[in-house]
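Each chain gets a letter, A, B, C, D and E, in the order it is written, and its residues are counted from 1.
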Amino acid sequence: MTIALALEQLLNGIQLGVMLFLMAAGLTLIFGVMGLINLAHGSLYMVGAFACAAVAAWTGSFWIGLVASLVAAAAAGAIVELAVIRRLYDRDHLDQVLATFALILMFSEGTRWLFGSFPLYLDIPPLLQGAVALPGGTEYPVYRLAIIAAGALVAFGLYMLISRTRLGMRIRAGESDREMIGALGVDIRTLYTVVFALGAALAGFAGAMVGAIQSVQVGMGEPVLILAFVVIVIGGIGSIKGALLGALLVGVTDTMGRFLLPKLMVLFVPPAQAGAIGGAVASMLIYIVMAIILAVKPRGLFPPAHA
Amino acid sequence: MILTRENLINLILAVALLAIPLIANAAGQPFYITLATRVAILALAATGLNLALGVGGLVSFGHAAFFGIGGYVAGILASHSFSGEPVLFGLSGTNQMWIIWLVAMALAGLVGLAIGAISLRTSGVYFIMITLAFAQMVYYFAVSWPAYGGEDGLSILVRNQFPGVMTMVPMNFFLICYVILLVGIALFAVIRASRFGAALQAARQNEVRVATVGIQPYRIRLTGFVLSAMITGLAGALFADLNRFVSPSMLSWHMSGELIVLIILGGTGRLFGPLAGAALYVAFEYALGGITERWQFFLGLILLLVVLFARGGLVGLLAGKAKHG
Amino acid sequence: MMLLQVENIATFYGSSQALFGVDFFMQEGEAVALMGRNGMGKSTTIKSICNLMPPRSGRIVFGGKPTDRQPPHKVARLGIGLVPEGRRCFPNLTVHENLVAAARPGQWTLERVNDLFPRLKERHAQMARSLSGGEQQMLAIGRALMTNPRLLILDEATEGLAPVIRQDIWSAIRRLKDEGLSILVVDKTLSELLPVADRCVILENGKSAWSGKPADLTTELQDRFLGV
Amino acid sequence: DPVKIGMITTLSGGGAGLGIDTRDGFMLAIKNAGNKDITVVTEDDAQKPELAVQIADKMIQSDKVDILTGIVWSNLLMAVAPSAVAQGKFYVSTNAAPAQLAGANCHKLYFNAAYQNDNLHEAMGEYANKGFKKMFILAPNYPAGKDSLTGFKRYYKGELAAEVYTQVGQTDYAAEIAQMRASGADGIFVFLPGGMGIAFMKQFAQSGVKIPVMGPGFSFSQDVLPAIGDAALGAKASGQWAPDFDNEASKKFLADFQKEYNRLPSIYAVQAYDAAQLILAAASKASVSDADAFAAELKKAEIQSPRGNFKFNTNQHPIQDIYLTEVIKKDGVLTNKTVEKIFTDHGDAYAKDCKL
Amino acid sequence: MVEPILQISNLVKNFGALRATDGVTLDLRPGEIHALIGPNGAGKSTLIHQICGTLRQDSGSIRFAGQDVGGLSVAERARLGLGRTFQVSSIAPEFSALRNVMLAAQAKEGSSFRFFKPVMRDQGLIDKAMAMLERVGLTERARIPAAELSHGERRQLEIAMALALQSKAFLLDEPMAGMGPEGSKALTGFLDTLRQEAPILLVEHDMDAVFALADRISVLVYGRVIATGTVDEIRRDPTVRSAYLGDHD
């Protein structure tokens, strides 16, 4: 194992982390700010990916597809908020779990209805194709670097929005006491529709960006959803900073675990089994890390000041 | 017991669950017995969860772990009994249901103790997610552990045995499950009405208050969580025997989600909520699956309508608001 | 000019009725004390005015406009600033953010509120949840003022405040009144409340039972309706 | 005599494409036969073992089917098939073929019309012997994945650069691709079914790593090829069938399928088509109520398979030829081209343990 | 001098840069009502939180009933006999008033780990709780869910719960807050008799009540006790007048 490989893996971990962050950002916004457990966030991610793939196939341009993914996911989010979520803010988490669970079923089946059962094709735009040489001699895909950049931008923008703008303050105020913010003359209902649509758009954006290097298929949002939940819980719910750092921690842990554990296992078990056992432990690793973190810090690493 | 509207509904549910397979048996439609057995077992699993979730307010998104552990206990003990190899430290497998049940409850309880001890340090959404994380650990362990079939699962070649009963006869097995379900529900009722139940409910409503009267909320909750895990584990063992098969999908987060869905569908914290929910869910799944390939869409739609417009679930809809004395 | 008319309203919590016909009015610029024993419906009346707890029958007219069927935020924008029972500051926001979040344009600005309550300025970066009770009360009043209301409603205006601070609050209320702000106020300390009020409205068992000038509120009446 | 067939397959969720091809291929054969005695009931298992069990119970107990078929996934098959055959029903597999049912636990009523899970991997192992000295092999960490690499190693004689197991359902392969780059391997064998394979191929194409990739046929089958896109070009795979097969049965099947469903069939469709043909052939000779006679007829396997040579081994799994295919682009459409034959009349390693 | 039941010495609690209690030393003797007054934000509630254990002190010691309780949990201190009410009412909202008090009575009796006997058939427990509700005048409202009680009634309920614990000392954080004149009068009379059962540390801004009840008064300003004395001493103290009382009386 060379230093260059280790560094490349570290970069891979960071990149995976940023990818998770793109997904987690919208989730933590909705989840932390509006106090809503949205299991259907993965579906919005899927909507984004499908919209991007379909429009890109139709127009031949990934970029138009990307815009379409934002629009489609935001629209889907707004509709869902108006029709369903709006009635759930005053309910406990349970009803939210059930309703958004139901939405997953509807979104998955609805998407299949529209797009058929086979995965769609979505490719990286020519601008971001290929690999560049990194210092140290290895090559690294341009697109993955682009994802890192996009994640950083989203993180910064969201952080500013929530902590610095009056909109952000009102959103947070509504989180702790919806009735009161309404009694002060703020139209919290519309505000929440906007926030939900924004969170959905972020999910759609993530779906489109990540969809280009994964499989655009029904159900694609579910594995990411669980990981995104892990991320925001480790980071501290509602904290953008926490989501970013949590995502990086999960990304690096997962990548390094997959890479190193099988090698480590060789020391303990016969090499024939080392790969499988190492792989098994690696697949549980982030959950183990999460359990340890929450056992020590029950509100995550960076609990927002209010939680 | 006074015949309130809720009690009446409960009675009807209990009788209906018994009547359907009896009629099906007479009409030579054994499949409905299987379906009713499935309802009974899922209702038992959800009753377990209802203790933690409905009474204690502990929204566990990881109860599939206990369900699956129960299932694997049944599968593993049965397979060892079949092959004759010892399980651990020279202990042999068994195909006796009641031993399997005890082991399943004990193991689910132990794992529940470990998971609960850590998870209950957190609360709210963090609790939901940490229980999910533990269940995922168990899930991935089962998927990649080769000894008992991994992802492919483990078949139980012959249904396990119960003294004096031919368990392969669907009606007999149903009756076993039905009796256990009723015992489980009765236990739930007794616990909820007891001092412990009062403390558990109070801890849900106001943790600080409970502590300031001198009750440790953590211990109360942990006990509730372990009891809950044991009941769900028992249901898992029965489920494995019903399907004569266990696989990691019993441990998946979908399963945890479904258990929660059953409870809300029936009415959170209600005595017969899990049964009502399980009956409704299985009926939907079965009926819709026969009508259209898009059944999952319509299942989602129905669930959605229930949350939005039938607050308090089926029992709540029929019986009105819950009373807390 | 008539500012607020509450006409025979009945309000329910679910199926249990809390108001059985509350009836009173306020003129622009008036300070009205809403009084009554515990549980007689003062807070419920206030929630009904703000449409947080819409009345099932009867009518409320504010500034010439009926408030029924309006969402609370629209009612608030008609010019009602609420200081609720229990204060209900946004615990996860700083003092500064609490004020800014509520702000609507008008003569009340951050500076003026800070002048009114210098304590808030000292604590501007502190999370509201960790403020002491009195500090929270000031924040709740300041927050309501930031919406630049025509009518300020204070439910339990000085509950839990130290005597010195209470005097501050009362003098602040008096100043606001002198500036022409209309005020509807609930408070337990009659000796401090009555001097501020132009008129009193007394509720009993969810009904308006008496109204009139503070001077006319005899000890006999006080004993009968307020148990003093 | 009437024959009632219960088809349990995946028609909803992420894996629905495979189930739909299975159903369509099967029904094509049924329709072509025009046999009024055969009825088929189809239900969706949503890729959940518990649901598959429930449906199987219903089909056996209520619909009173004689034969079950259609399951795509090994884990669902393991949930359904052993108990179905124990209840005296036939099971004819259209795809899933776990080793557990091919060896000592084989059963008189269990037939597999597709292959044995290891076959295609074995073929790639054999192929890799020619020209690849150091292979990097990769599969998900679950039984089928382990069987896959075991099958590959059973025939591959060269050196292994690494043997890596990934998480089931993994979507990001950067870490594995980095290891491939650093491993010094001259060939890569991956077994990543469904979305995992799509994600891997796309990411591999972007990585700048230039090592030839190969895998079992279904990694580059018609259901996933369009989604992978040009990233799949040149990939080598093993298969029992490809759309360019030059036999009459294959040409007819291809034409019929495209006419009926307006798309290219995948290998799943072929396997299901053959399963239906087998059942039809047996049903024309024997009554399904006479299990022994019907099993004997099935085992004779007199069908015109698009695959060409097809017969059953002692363990009632196929003996067939296995070919090397390559992904090419023809008329703007990605498809597989047959390159050469790897195995002739290939059975499987487990048949010797089967006591039938 | 009698041995104090509660002895606090040099208690310090910092919130970041803010020192909320700054070396507080205080005691509570059998049979007395010790009132703790001070401006808003002086640290009174913080002090109560430390005594009952919801906040951990940074330094200093808390002795209760002859034992150092500084390291015990909230529940353990409650079981030793520290009863408290909250500044903002804290009850189990779905339970009726009766069941709230029964919870306290059950905790007092010890085991909450009884799984079988239904509480609502436990006449002994019900009687005990009803007796407490009667003492605070909530008999009529016993079966009403606590969420539906008015503000003042909830305060009464809190006191009933503290009573049911048969505490050896009471920590009451503004029990008069939100009570009307009538309620205050009744509560004042009630606390007057309660001191015989157990001494009371009373945080209160209602000066009429404080002056009527207190045996001793301590004044907390900026986390420090600036004066301790009898009602008359405190009333006359000029620093107390300017820091807290204003021109009250």
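Here is the rule we use: a contact is a pair of C-beta atoms (placed from the backbone, for glycine too) under 8 Å apart; a residue touches a chain by one contact, two chains touch by 3 or more.
For clarity, every value in this text was computed on a predicted model and none was experimentally measured.
Novice: What's the minimum number of touch steps needed to get from subunit C to subunit E?
Specialist: 1
Novice: Counting one step per pair of touching chains, how few steps separate subunit B from subunit D?
Specialist: 1
Novice: Which chain's centre, taken as the mean of its Cα atoms, is farthest from the centre of subunit A?
Specialist: Most distant chain from subunit A: E.
Novice: Considering A-C alongside A-B, which chain pair is linked by more C-beta pairs in contact?
Specialist: A-B
Novice: Whole-Å distance, subunit A centre to subunit C centre, using C-alpha means?
Specialist: So the centre of subunit A lies 44 Å away from the centre of subunit C.
Novice: With chain centres taken as the means of their Cα atoms, state the distance from subunit B to subunit C in Å.
Specialist: About 51 Å, centre to centre.
Novice: How big is the gap, in whole Å, between where the Cα atoms of subunit D centre and where those of subunit E centre?
Specialist: Chain centroid spacing, subunit D to subunit E, equals 74 Å.
Novice: When the C-alpha atoms of subunit A and subunit D are each averaged to a single point, how far apart are the two points in Å?
Specialist: 34
Novice: When you check subunit A against every other chain, which residues touch at least two of them?
Specialist: 108-109, 276, 279-280, 283
Novice: Where does subunit C touch two or more other chains at once, residue-wise?
Specialist: Correct list: empty.
Novice: Please output the residue numbers of subunit B that touch at least 2 other chains, ranges allowed.
Specialist: Only 140, 143-144, 146, 294, 296 qualify.
Novice: What are the touching chain pairs in this one?
Specialist: Once each pair is checked, the touching ones are A-B, A-C, A-D, B-D, B-E, C-E.
Novice: For subunit B, which residues are in contact with subunit A within the complex?
Specialist: Residues 53, 59, 61, 118-119, 121-126, 128-130, 132-134, 136-137, 140-141, 143-146, 253, 257, 260-261, 263-265, 268, 294, 296-297, 299-304, 306-308, 311.
Novice: Give every residue of subunit D touching subunit B within the complex, in rising order.
Specialist: Counting only subunit D, the residues touching subunit B are 11-13, 43-44, 46, 48-51, 53-55, 57-58, 61-62, 74-75, 78-79, 82-83, 86, 98, 100, 141-144, 146, 165, 167-168.
Novice: Give the list of subunit A residues in touch with subunit B in this complex.
Specialist: Listed in rising order, the residues are 31, 37, 39, 84, 87-88, 91, 93-95, 97-99, 101-106, 108-110, 113, 226, 229-230, 233, 237, 276, 279-280, 283-284, 287-288, 290-291, 294-295, 298-300.
Novice: Which subunit B residues qualify as touching subunit D in the complex?
Specialist: Residues of subunit B touching subunit D: 29-32, 34-35, 38, 140, 143-144, 146, 149-153, 155, 157, 239, 243-245, 247-250, 254, 285-286, 289-290, 293-296.
Novice: Please give the residue numbers of subunit C that touch subunit A in the complex, ascending.
Specialist: Subunit C reaches subunit A through residues 50, 52, 71-73, 76-77, 81-82, 84, 88, 90-93, 97-98, 100-104, 127, 129, 143-144, 147.
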